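Here is the structure we will look at, set down as structure tokens.
So that you can tell them apart, the chains are marked A, B, C and D in the order they are listed, and the count of residues begins at 1 in each.
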Amino acid sequence: MKEISYEILAQHGPNAKDKWTAIDGVVYDVSNFAHPGGDALVERLMGKDGSAQYSKAHPKDLVQKVLGMRVVGKLTGEKPKEQTSAAQGSSGRGEKPDVSTMINSFDFEAIARETLPDEAWHYYSSGADDEICLRENRAAFSRIRLRPRILVDVKNIDMSTSISGIKSSLPLYLTATALGKLAHDDGELAITRAAHKAGVIYMLPTLSSCTVDEMLAARAPGQPVFSQLYVNSDRSRTQAYVEKLAQSGVKGLFVTVDAPQLGRREKDMRNKFVKSTSDVQKGDSVKRDEGVTRAISSFIDPSLNWKDIPWLIKVAKGMPVYLKGVQCAEDAVLAYEHGLQGVVLSNHGGRQIDSARSGIEVLAEVMPALRSIPGYSPEKFQVYVDGGIRRGADIFKAVALGATAVGIGRPVLYSLASFGQEGIERMIQIFKDELEMTMRLMGTPTIKDINGKFVLPHGLTDVSGAAVRDFLQEATYEPLQTQAKRVGYSNSRL
Amino acid sequence: MKEISYEILAQHGPNAKDKWTAIDGVVYDVSNFAHPGGDALVERLMGKDGSAQYSKAHPKDLVQKVLGMRVVGKLTGEKPKEQTSAAQGSSGRGEKPDVSTMINSFDFEAIARETLPDEAWHYYSSGADDEICLRENRAAFSRIRLRPRILVDVKNIDMSTSISGIKSSLPLYLTATALGKLAHDDGELAITRAAHKAGVIYMLPTLSSCTVDEMLAARAPGQPVFSQLYVNSDRSRTQAYVEKLAQSGVKGLFVTVDAPQLGRREKDMRNKFVKSTSDVQKGDSVKRDEGVTRAISSFIDPSLNWKDIPWLIKVAKGMPVYLKGVQCAEDAVLAYEHGLQGVVLSNHGGRQIDSARSGIEVLAEVMPALRSIPGYSPEKFQVYVDGGIRRGADIFKAVALGATAVGIGRPVLYSLASFGQEGIERMIQIFKDELEMTMRLMGTPTIKDINGKFVLPHGLTDVSGAAVRDFLQEATYEPLQTQAKRVGYSNSRL
Amino acid sequence: MKEISYEILAQHGPNAKDKWTAIDGVVYDVSNFAHPGGDALVERLMGKDGSAQYSKAHPKDLVQKVLGMRVVGKLTGEKPKEQTSAAQGSSGRGEKPDVSTMINSFDFEAIARETLPDEAWHYYSSGADDEICLRENRAAFSRIRLRPRILVDVKNIDMSTSISGIKSSLPLYLTATALGKLAHDDGELAITRAAHKAGVIYMLPTLSSCTVDEMLAARAPGQPVFSQLYVNSDRSRTQAYVEKLAQSGVKGLFVTVDAPQLGRREKDMRNKFVKSTSDVQKGDSVKRDEGVTRAISSFIDPSLNWKDIPWLIKVAKGMPVYLKGVQCAEDAVLAYEHGLQGVVLSNHGGRQIDSARSGIEVLAEVMPALRSIPGYSPEKFQVYVDGGIRRGADIFKAVALGATAVGIGRPVLYSLASFGQEGIERMIQIFKDELEMTMRLMGTPTIKDINGKFVLPHGLTDVSGAAVRDFLQEATYEPLQTQAKRVGYSNSRL
Amino acid sequence: MKEISYEILAQHGPNAKDKWTAIDGVVYDVSNFAHPGGDALVERLMGKDGSAQYSKAHPKDLVQKVLGMRVVGKLTGEKPKEQTSAAQGSSGRGEKPDVSTMINSFDFEAIARETLPDEAWHYYSSGADDEICLRENRAAFSRIRLRPRILVDVKNIDMSTSISGIKSSLPLYLTATALGKLAHDDGELAITRAAHKAGVIYMLPTLSSCTVDEMLAARAPGQPVFSQLYVNSDRSRTQAYVEKLAQSGVKGLFVTVDAPQLGRREKDMRNKFVKSTSDVQKGDSVKRDEGVTRAISSFIDPSLNWKDIPWLIKVAKGMPVYLKGVQCAEDAVLAYEHGLQGVVLSNHGGRQIDSARSGIEVLAEVMPALRSIPGYSPEKFQVYVDGGIRRGADIFKAVALGATAVGIGRPVLYSLASFGQEGIERMIQIFKDELEMTMRLMGTPTIKDINGKFVLPHGLTDVSGAAVRDFLQEATYEPLQTQAKRVGYSNSRL
């Protein structure tokens, strides 16, 4: 292979005729390459070694598959010194606190916000449109109140439960989230290992930073995992992927059904537009520039429908199949009738439909509908909930309303970003401490003791609360003022 | 009478054995005088000419009645120059805007807040306890929505109505408020004159700064006025007062029944305590120091009850008698049964019971109860509302819910404080402009056209809104914070 | 015609005996001219070339009609140099971002707020009274939640629909808004052209800055437009106007019925009062000075009523006639019974009755009433909604609740002000992107698939939320404070 | 005993092999002592005289019992001068206001916040998890409105009542709170004395700073007190303690049943982590470090259950026994059926289950359930409420809803911290003033006159209000912003 120095590579930048980039030592010609996430994503790699940025967002082997025909040569020589990014540099702030001082899941989020580069922080933290759903996911839990019982022997608390027939140390699993390496170089591998240590199940994402083989290899002996699935327009690719999972002993397949298109997440979109780009991207071309989100979603098949379910069950070869992203009772019942093993009530972390209800609110609609089906039992068809779980008490509330377990996503990414694998372990430990305390104070020594009599959900559907705060309207609305203020007469006392 | 110079007077301050003060040129010995509002009120006048402070809060002739036995002599000589109060001095603020630039009732309040000394501002603006009721009075109106009708001929709008049989230019009167001179030297006289010019009725207060004779004399020929009444423990004094009103042609007597004791208004109380007074006023003596409020209320008879009503009607000698301060349907019905002419639904401007409902909310309870009485008609028994009326649309809402008219209090004081009589006139004109616009846009050309079909009051009883904001809890509560913030790690981005 | 220099003109200012102004090169004597919007509007043009200010607010040909009898001569010579206005000057702010970086409708509003002079910004952005209705229009949509369905084939999304029998690229039209040139020199012409490019219908305003002929001429061949109508007290003028519209092929006539008088919009009114005008405008004369709003509204006939409807239908000569500004079920039913083609549920952008409900809330009342009429069908009688639509999801919600289409007003003006015609196109494109995404994620590939089962409107009538925030009360209310704070004891920690 | 100088002691710090501390002149070896509150609590005393810190949190005689076997010698010589703590030093703030200027219970809290060291302030003021319950306790009262009656003779107001058969000057008692010396050196002794002076009952805490003998000895002759009880895993210790109480004439035993484990109070927990302690306390060991809370709770028996009640009644030897911490109707009924004398509806000051309801809300559920029991009477079985009582009107509301009396906790600690015994007296006097005013204005001259007709509790269960504000989410959530703001274009006007 032709040897190409950094100097030569630099001559093939975005304004050159032949535009090159290097990934893991191999130089590719990307001159007319149409990246599904928009040209800008490729443009900034041109003339440079793009390995670091590439690896944050893609499995290692993808570049070879996609750009294998465009290899120019191999990169050689010394990398020129650059100014290191100031993004994470010392900016007069204090020392990063120790992981042992984290006492709730928000602590990790605050660290992550400081630690992550903007692109990653905004990709992870953003929600759809006005982010009302994102905030509502959290707020909904605070509208459910608890009715503790007294004088129950709560000396011994047993939080363990069975999730899809698998033992879990508490009714919680780590749900699939895309692009773990944006948080930490260990990415999904650290999550896999932390899950094992904590005795919880991890749901491997389709849109991982690590390859599926790497993730599967990271399992401890006998460690159970689930897998999340985006169905590809090319069904044969999906079939191959699912069959690999089945062969590898994956314990459950969670098919994402709430994302035929990924939502508009404006914080993520904004990162495309740091500078005014007045000469390009005008007119109809704008849809190409929608940040990380757009870059990773183009292959999801929007035509997937109920008729595809038998095929999915077939290719799963015995793995239990679940639908992830159910948002009303009718669809939960349909899932039951189609022979699936359960559903995850989820709005995709508030990232899809901004006016969607929280999973926990949907749960209150779904359970009565399921229970009214003759022969229904939670053992045959399980209901999971994710979105907004930040406290042990939230787990209790979900279980009380009928959920088998809850999934957590962002807390995993934030604790990973803050302290790596150790952060995830600490974060799960906090959930355990909180749930144990909640169960003890509620008078419910085991998971089976928890039921609907312990919760007061009547405020759950109330939508007038703080979550509906409209930041964009606040940013543009000019409040009324008095004449005294307007003419500067009231600056003395007001 | 013995001549006493300012120098001699100054030797009789609060630490002297004989403590003197001068009021309107006469020097009195106030050594052991027990002021109903607390010793502090007298103490600060000792050794000084107290005329200015005295006249703000008392009728001219009161000092002679109360201290006539303690005259020491008459004040002579030149008043020594003092540093003028900086309270209203130029403090870098802009020029006071012209009265013509006031376009809503809040504009006057903002000016008054700047113009008034603290003592007056806090006396007028304060409410009971946490001032939730004070704010709720305003908020309640915003929870009533309107249903405008279209394609009605609204070329000519007639806002005039009849209040207690008297013509008024709109369904609004100026309600009684204490101590008008705290706002402006013309006090109640300016209000009387403005009411005439605007074609509205003024309800003369018992606790006026001007004497009742002065107020009555300020009437234009034929100008109708009402009078508010606090019943004195000494019934003969009340009888004499009421008979004078009747003889002077006062058109209605409004007996205040919501104030057997005046409420705790903390802003007003605080003004007693500018400095730490560590050596006096400890232990049980604290109740004596409760600001302007306490000073003026001590003579109100707390034993007044329903059995006194026949006597009141008798001494009113034909004047219609109303109860002011009714707050539930039962008492409105009792008033009707006792032969009274009507009631004012009022919580005393939020100054008495902090958890009381707004008058407009009580109206929605009272009207159905009255209408269910066989033979009831609004002509025989009228219902008024005060509290929180700041917009023409508020008048519309009250009338739609069944009120004959509304009373306004603080807007009168604030416009008086800002611009004197002219301010009040401008303020009423704004109410007229707003009501005319509202009636035109609602499709109701006359007052009689307004009824319950034009309002949506279903949100009226909702108490979860902004009005319940708890400022004292906010002032003492320390919000939770993340560890990152606590140790200074997050100062770079958050 | 007599030649008049700038110097001579300058001698005929507001204090001269003969007061002149020049419009488009012609000098007029405006000495005793009574402008319907108040003297101040004319006064500031006296002694100057008023062309620029005139043209913002009036059609070109109006001055000739109104002041044709008062021509003094023609303006000649060189315009003297003036200091350019600092209003829009460089004030240390950053560069204006490119149109391609706009990703939601609020982005345009934020740019417009910076770009527009105060007079225009306040005229466009203001609402009636406390602007609760203005904000509620937006907030109402956030209280409607969505119930997405899954596993529907949403590969192809078709947003197109029929509005009043006319094809539209999505269920949205550009509603009539007054005085487009305040936003941009191209005014209504730019809007007309952008509507064509985007495949949507524009409703031409009566109170346009361009003449109706100019607007009609700006249409592309075959481009359908609607026209909004204010009925003039002089019915012959209205008749002539409507007949011209009919002859010009206008596809629908929308008669505004919610504005027999324009509302009090205080931000707009304030612009009259920058300086204290202490010597003029006192007393009753104040009503003359109410900003742009007052200036343009004086000719609207407040006596228009249901009896005029047959005449309107007649002069429309076959154009479908709609009522714009209906706010309750009764009036929608009356419109149906009077043979009209439909109604727009609208509160005039929150600019008329501050306590009015949002159009979307009224829709939930109107549709059941209409559907209960035997023989009613949405094809025969269409219902539109405007007010507060800022997201594609808002369109979805309105359609789900029964609307044929929605109108947008301020987003058009703000995008026009920010980037001219291109801004409007971009803004509509964003609505399309958002609606397409919403339809895909909701599982509704065509407009016909959208129905009431997809929405949860139970929170719609809840009025306790953020929208009722009372800025004027906040501006005047002084919160309670603790004694520790008051005396400065708590400055160390609180 | 061996004499040990301060210098020698200092050589036995946390890094020495033999770790010593001195308490009250005695030096102990604490090398491997496992403090129930975590090692850190002991570590900071090593090498020092720990008397001051010890005495804040423990009864005097405890150290001898626990460390009696580890005595090393006695401390001699002069204490070396240290820099005095800056915590309470002069930091430019104003003078502490006089106790006479306190006019509501919040005033004391604001002083306490300034006066207390962080450890004490956070221990007292903290609540569980997100402190929603803590704030809700206060907010719940503001959602109950009052219906005052008029024209009742309210000259004489009698607030006195009977609590558990004992005369009290008002329906209020001082509830048990732990560690009074953290507030003031006089600790529980000052509270005991203030209770006597004010004519109210004090409930002695188990977790007191003073010994139970000291507290009992501080009683005035004939002064009635209650005692709170945490049941120890070692039942014989509890039995001995209770028998001592019974013999000492304690009038009622309140068994705390809502704290089988003390809650997670994060402000308290944070005080363990001022510095990053990166080398210790990792992994599973974290549960040992949970502040004051953890340190004092380890001996509470979590296995206590209904079967233990007969034993408790037996060992109480005739003292009435109550359950403190009941939170639903079922448990109140069970308490009645188990022969107890009553219950305290309490959520432990918001310190246990963050989603718990306020006591006052639970009261509205409990009273109807009790009243439906045949033969139930409030004399036989009393219901008390604590949590969030800060105003006299709150007492009125609780009594109106059926409570016999209310307990106050933090106001006692805060007034004690601010001004010692005198502060508590003043604070109770304010409650009396407020309750007297409330009863007068409500038209209820005696406690017996108060009933459910005077309250409107329909908003009590509404959970959408201000109390649910989520400070941690606010601390981590990044609000959306417009592009104009993001690129600095809008800094001129916004």
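The rule is simple: contacts are C-beta pairs under 8 Å (C-beta built on N, C-alpha and C of every residue); 3 or more make two chains touch, one makes a residue touch a chain.
Owing to the predicted nature of the structure, the values given are computational and were not obtained by experimental measurement.
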Check: In this assembly, which chains make contact with chain C and also with chain D?
Finding: A, B
Next item on the list: Please identify which chain has its centre, taken as the mean of its CA atoms, farthest from the centre of chain A.
Entry: B
Note to self: How big is the rotation relating chain A to chain D when the fit is done on Cα atoms? Please round to the nearest 5 degrees.
What the structure shows: 90
Margin query: Using mean CA coordinates as chain centres, what's the gap between chain A and chain C in Å?
Written below: 41
Check: Roughly how far is chain A from chain B, going centre to centre by Cα mean, in whole Å?
Finding: 58
Margin query: Two or more other chains touching the same residue: where does that happen in chain B?
Written below: 95-97, 101, 103, 106, 109-110, 113, 130, 266, 270, 273, 276, 462, 464, 472, 475-476, 482-483, 485, 487, 494
Item checked: Footprint of chain D on chain B - complex, ascending -> 129-130, 132, 257-261, 263-264, 266, 269-270, 273, 276-278, 280-284, 286-287, 301-306, 308-309, 323, 325-328, 330-331, 334, 352-357, 461-464, 468-470, 472-473, 475-483, 485-487, 494
Notebook entry, point to check: Which residues, counting only chain A, touch chain D once they are in their complex?
Noted result: 95-101, 103-104, 106, 109-110, 113, 125, 130-131, 135, 138-139, 142-155, 266-267, 270, 273, 276, 391, 393, 397, 426, 429, 433-434, 437-438, 440-442, 456, 458-459, 462, 464-466, 471-472, 475-476
Item checked: Touching residues (chain side chain B, partner chain A) in the complex -> 91-97, 101-103, 106-107, 109-111, 113-114, 464, 482-485, 487-494
